[in-house]
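Note that the chains are named A, B, C and D in the order they appear, and that numbering of residues resets to 1 at the start of each chain.
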Amino acid sequence: MNIKDYENGSFLKPLASVKYLFKKPHTLRYPKETKPVPDRYRGLHINDVDKCIGCGNCRDICPCAAITMADPSDIRPIEIDKKGANPVRPKIDYGRCSFCALCVEMCPTGSLKMSKDLIYTSPDADAFVWIPLEEQGREPGFTQSDEITPLMLEAEEMEELEPEVRLKSFEEIVHGFTEEQARKEAMRCLGCGICMQGCPAHMKIPEYIQAIFDGKHDESTKFMLEDNVLPGICGRICTHRCQDDCVYQYRGDPVHIMWLKRFATDQLETYKDVEIAKMPSSGKKVAIIGGGPSGLSAAYHLTTMGHSVTIFEQKQRAGGALATGIPMYRLPIYELDKEIGHIEDMGVEIKLNTQVGKDVQFEDLLRDYDAVYIGVGLSYGRSINLKGEEHPNVVQAIDFLREVKVEGRRDITKHVVVIGGGNVAMDVARTVARLQEIKYGSKDTTVQTASLEDWDIMPASQEEIDGALEEKVIFNPAWGPNQVIFNEDGSIKGLEVKKVKHVFDESGRFNPAFYEDQKKLLEGDYIIESVGQMYNFEFIPKEMLDKLEFTPRRKVMVDEYGETTLPGVFAGGDLVETSKGDAISAIANGHRAAIGIDRYLRDKK
Amino acid sequence: MMGIVDKIKEIDGTKVTVQRENRIFVDVEKERVIGTLYSMKLIGFSQLSVLSVIDRIADNQFEIFYVLYNRDEKVNATVRVWIDRDNPVIETAEKIYPSAHAWEREIAEMFGVKVEGNEEAGKPFILENWNDLPPMRKDFDSIKYSSEHFVFRHSEDKNE
Amino acid sequence: MSKSYELFIGPNHPGIPGNFSVKIELEGDTVVKAKGDPGYLHRAFEKAMEGRYYIQNLALIPRICVPEPDINEAAYAMAVEDLMGIEIPERAKYIRTIVLELARVANLTFWMGSFAATLGLYTLSQWSFGDRDYALDLFNEICGARVYHMFIWPGGVRRDLPPGWEDRVLDYVKYIKERLVDYDNIFFKNVMFKYRTKGMAVVTKEQAIEWGATGPILKAAGVAQDVRKDDPYAAYGYLDFEIPTLTDGDSWSRAMIRRMELDLSLDLIEQAVKKMPKKGPVCAKMPNPLKGIVPAGETYAKVESARGEHGFYMVSDNTGKPYRVAVRGASHTHMFTIAEKVLIGQRLADVSHTLVSLDICPPEFDR
Amino acid sequence: MEKMTQDQVRTIANMLRKRSLWMIHYCTGCGAMELPPTMTSRYDMSRLGLAPFVTSRQADILLITGYLNVKTLRRVITVYEQMLDPKYVIGFGSCALNGGVYWDSYAVIKQLDRYIPADLYIAGCMPRPEAIITAFQDLMDLIDSGKADGYKRYKRDLAYYKENQRKVLG
């Protein structure tokens, strides 16, 4: 444009606008005419309440404090059986909302959207608060995008030893996060606390992750120790149900809560400097039978409550399955020493090599102590009455693992069959793979597993299965053991298996059925049974055992605080129903029982 | 030809930090601030962009900053001065930068800084009938004030 | 000797740009003293920002300046990116440029309407507010809101452009260029406009520099200062443009400068659409907003708004929330330093168009 | 004429009132930004018989366009009291309802209807022109049915409103 043209005003130029007299006006005659609302329109909210898990991230990010979590049941009943879901749904105050859609961006499930509708008027000021539902019939507008999102969907990668390297020794497979990785991973946590429901011990996960993020590892460990006395061990071998519940599962990778826990505890050489509140001595004495995770957990928490505690451990090492069962490549022995050392530092007395029923009598314990806790666990392998299992080369997994870990057994045959599909079976198979590599260089060796369950319902965790597959373990899913086949010289030829029809019957009970005509032979000269374990209550005198009640699933009947039907006798760990067979649930019910024992002791006074 | 950074360094009592090419921070003592601003204007920093205060409550100090702009060198310089929080007095810069006048009225009202030489500083500016702490101070709690003076709707089911 | 009297222009006055008041003292109908009375739109943004996470402030910042919210978003995002040391993707830079220039077009057309209205020509405001609406529809498509876009955020922009949006922007540019011929006819080449504004409310070059003017006021006085050129942000460094200047510094020159800036903005949009990478990320990876901390530091980020230099001075203390954010709106100086001086000697009838000619935007200094 | 009851008079008056509403031109907050498009050619609210007007004495509708600063509240109350009956108040957007995005601000009031009675609220931040036009139509319906009685409430509960006003204005 030339500014000169504008210098001199004109009288006539404005008349040019007269032409608009004859043009159609561009007025939009709302509401007779409407214009299309764009797809990204940020209008009133829509929430798919069935998809929503009530995690409250929308509430946390809301800059206007417009969102509260409310119970929607009187408007629209919701299913709350979904894993890791809170029975609340966002309720939005349109007297606050600024339509920034940050709540939509932050929604981990993608249930929350904005609609194309932003025309709402009412003379009633209270009519602007409601729980958004899909049923309100609004058309979706602004939704989240997976490419651009404020959530950090991708988890930090944990470095693992390559299968070829790790097979050569019992060295730990993963070496933990670096400081930078841990900070980054901790940063991903949204702090919603949905994971706490998944954890049997209800650990304060958001708090300790926040402390890790802040670089305060001792504070983080303090939070862990409040609910879990063996955080470093759980940081390695936990079944991490928390991660299965993590809200990131819907849109990305769950936060590696377990590795974070391990990172924080690894930063501390001992827990001596961690401040732990300890109550003054009560003068009460508690005996704990069994030094496994549940016994250690109960002992530790009772000590912090001011009671004096003695653990009676049958083996030469406390820790139960942690000490004898879990292979070194998953849980090195020094970690166990560190955490048990800490428990001893707290004032727990551990009597090793002391078998109750033999070295010390159960009745004496009942007499000498104010309360007794039984946490003996399932320390004996269960037999499936397999034909030919009396052969010396058919062994129980629990014995095999103990021999390898504690007694340093290194001999193995070239072809091994493992029966079972649980985590223990994976431990066995992977241990065998290592022994074979060490002894034979993996030349011409096989290790295979046979499990009743097919891939989709295999009880072992996915990581373990993947690890085993990488280590060349051969799987035979949905093949049940039939009998051991022998060579003419009496040595084992292999295990005959038959195809499984179903594992659970219609009512969902464990009741396997087989196709009797489909059979095959898994060749191997050594068979390890890993189909479960059981307890042994021989140390309890007969007349007391009769009074002890059991649940239909043959677990010890306890109340919610772990007290059995015998007064003053508590039980926990794998013996009770609340256990899911892993360390964390044993730790959790040990803690629960400690609270129960404390209540019992205080009431007794 | 002397660089602009060197020119600033020549001004008495300045500590110069170069953040990047066109963002310079100049720390001065309270006594020297007016002199420094005057010298800055002489070397070409003719525009005052922002004058405001940071409440450094942990150090019990107020940090007053003047963001200046040098049109010829295309450089922003921030002159920073720390003053005592209990006795916040600063000399006016309105003689050097006329636009400082309104900014000073604002900091006087929002932080309670006394500006010597600015007649209007301290008179009501943005606020009206204000009788609490100067609101931009860190120890003034806005949420507490709001909940005392106003009523939230549905406040019974708010989390806060 | 005549007696002087006081008059409040605003806050409820049709000739005041927004909720704002000027207290003037008159002798006859000549202004002898003018004093701005701000605070009617004070919402304590700077205080509120200190209590919110960096990302939550996204909801607040556009509301600092209502006619042109994007400059706030851009300046805020730049300040945060500067403190965090983040480089945004190329495509995001171009998208920002287009959005900022489109916002400037919307603002300038809006301004033209209100300026013409204060001079008594309501036809132009009927036209330009209507034409501005098409720009708002374009914003509506990219981010789902007409006025408060919340589209530019730390790290880049919030979404990639919807398909075909660039073409629609170019169509709009073409449409506005056609309309500008009529705008010129009815207003800028109108003799009435010339008589009402020539020689009015003069801010000379020396005064403009002394009083700290920025933007159109400075350009109209003959100083080619523009943040887009002097300290290029977004994609302005890659674009080819000249800053328009005039010499008189009067109301007419300021109006013409804005008219020229409108041309410049339309040109910049075309250039940016042409040069923009067709594919690529539009947002850098950012930390979790609830945990992400910004390293301690201080920074001053500035952008060129339609009114002048708009800046954010941000101080962070290594937490998730800003320690202090100070907003510099161009209108602050324009009102309390320039308008108060320029209004003196004006006739009462010219007060309101002088204020609009300086483009006073009250939310900018009330905050 | 004498036969007409008071009710009938009121009905007819309301019918007439709703057809020519003048809104006062007072931009109290940022919601006012969507008023120019509503008033001018694109949405053209004069189709509905609405027009902006500059003086409070002649206006019927007071729009509280968004947040209300305490300082503005004082002026708004003056303006509202200057307006002649019948007068109607529309609260725009979130802020008039419960403080909106400024819920923690020391300078912004949270509930409009504690200080002056509101006849209608519009959701949104800010409400788009379509919503504003819808609101005007709704207001007309309310006037027609005699439900828009904010000005009566103000007279009736004057003590309540004055008490609240005194509390924030000092």
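Keep this in mind: a residue touches a chain if its C-beta (ideal position, glycine included) is under 8 Å from a C-beta of that chain, and two chains touch if they have at least 3 such contacts.
Because the structure is predicted, anything quoted here is derived from the model rather than measured.
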(message) Quick check for the class: compute each chain's Cα centroid; which one is farthest from the centroid of chain A?
(response) D
(request) Mind checking the centre-to-centre distance between chain B and chain C? Centres are C-alpha means, answer in whole Å. (result) 23
(message) How many angstrom lie between the centres of chain A and chain C, each centre taken as the mean Cα position?
(response) 53
(message) Quick check: how many Å separate the C-alpha centres of chain B and chain D?
(response) 40
(message) Quick check: what residues of chain B touch more than one other chain, meaning two or more?
(response) 127-128, 135, 140, 142-143, 153-154
(message) Give me the residue numbers in chain C that touch at least two other chains, ranges are fine.
(response) 39, 42, 44, 47-48, 51, 59-60, 130, 148
(message) For chain A, give me the residues that contact two or more of the other chains.
(response) 26, 63-65, 93, 95, 98-99, 125
(message) Tell me the shape of the graph of touching chains, choosing from line, ring, star, complete and other.
(response) complete
(request) Sort out for me which residues of chain A touch chain B in the complex. (result) 59, 65, 68, 70, 93, 95, 125-126, 129
(request) Using the touch definition up top, name the residues of chain D that touch chain A in the complex. (result) 41-44, 47, 91, 94, 96-101, 103-104, 111, 113, 118-125, 127-131, 133-135, 137-138, 142, 147-148
(message) Considering only the defined contacts, which chain B positions touch chain D in the complex?
(response) 127-129, 131-132, 135, 140, 142-143, 145-146, 149-154
(message) Looking at the complex, which residues from chain D come into contact with chain C?
(response) 24-30, 32-34, 36-37, 39-42, 54, 56, 67, 69, 71-72, 75, 79, 101-102, 104-108, 125-126, 128
(request) Going by the contact rule at the top, pick out the chain C residues touching chain B in the complex. (result) 38-39, 42, 44, 46-48, 50-51, 209-212, 214, 223, 225, 230-231, 298-300, 302, 309, 311, 313, 315, 323-324, 326, 328, 332-333, 335-337, 365-366
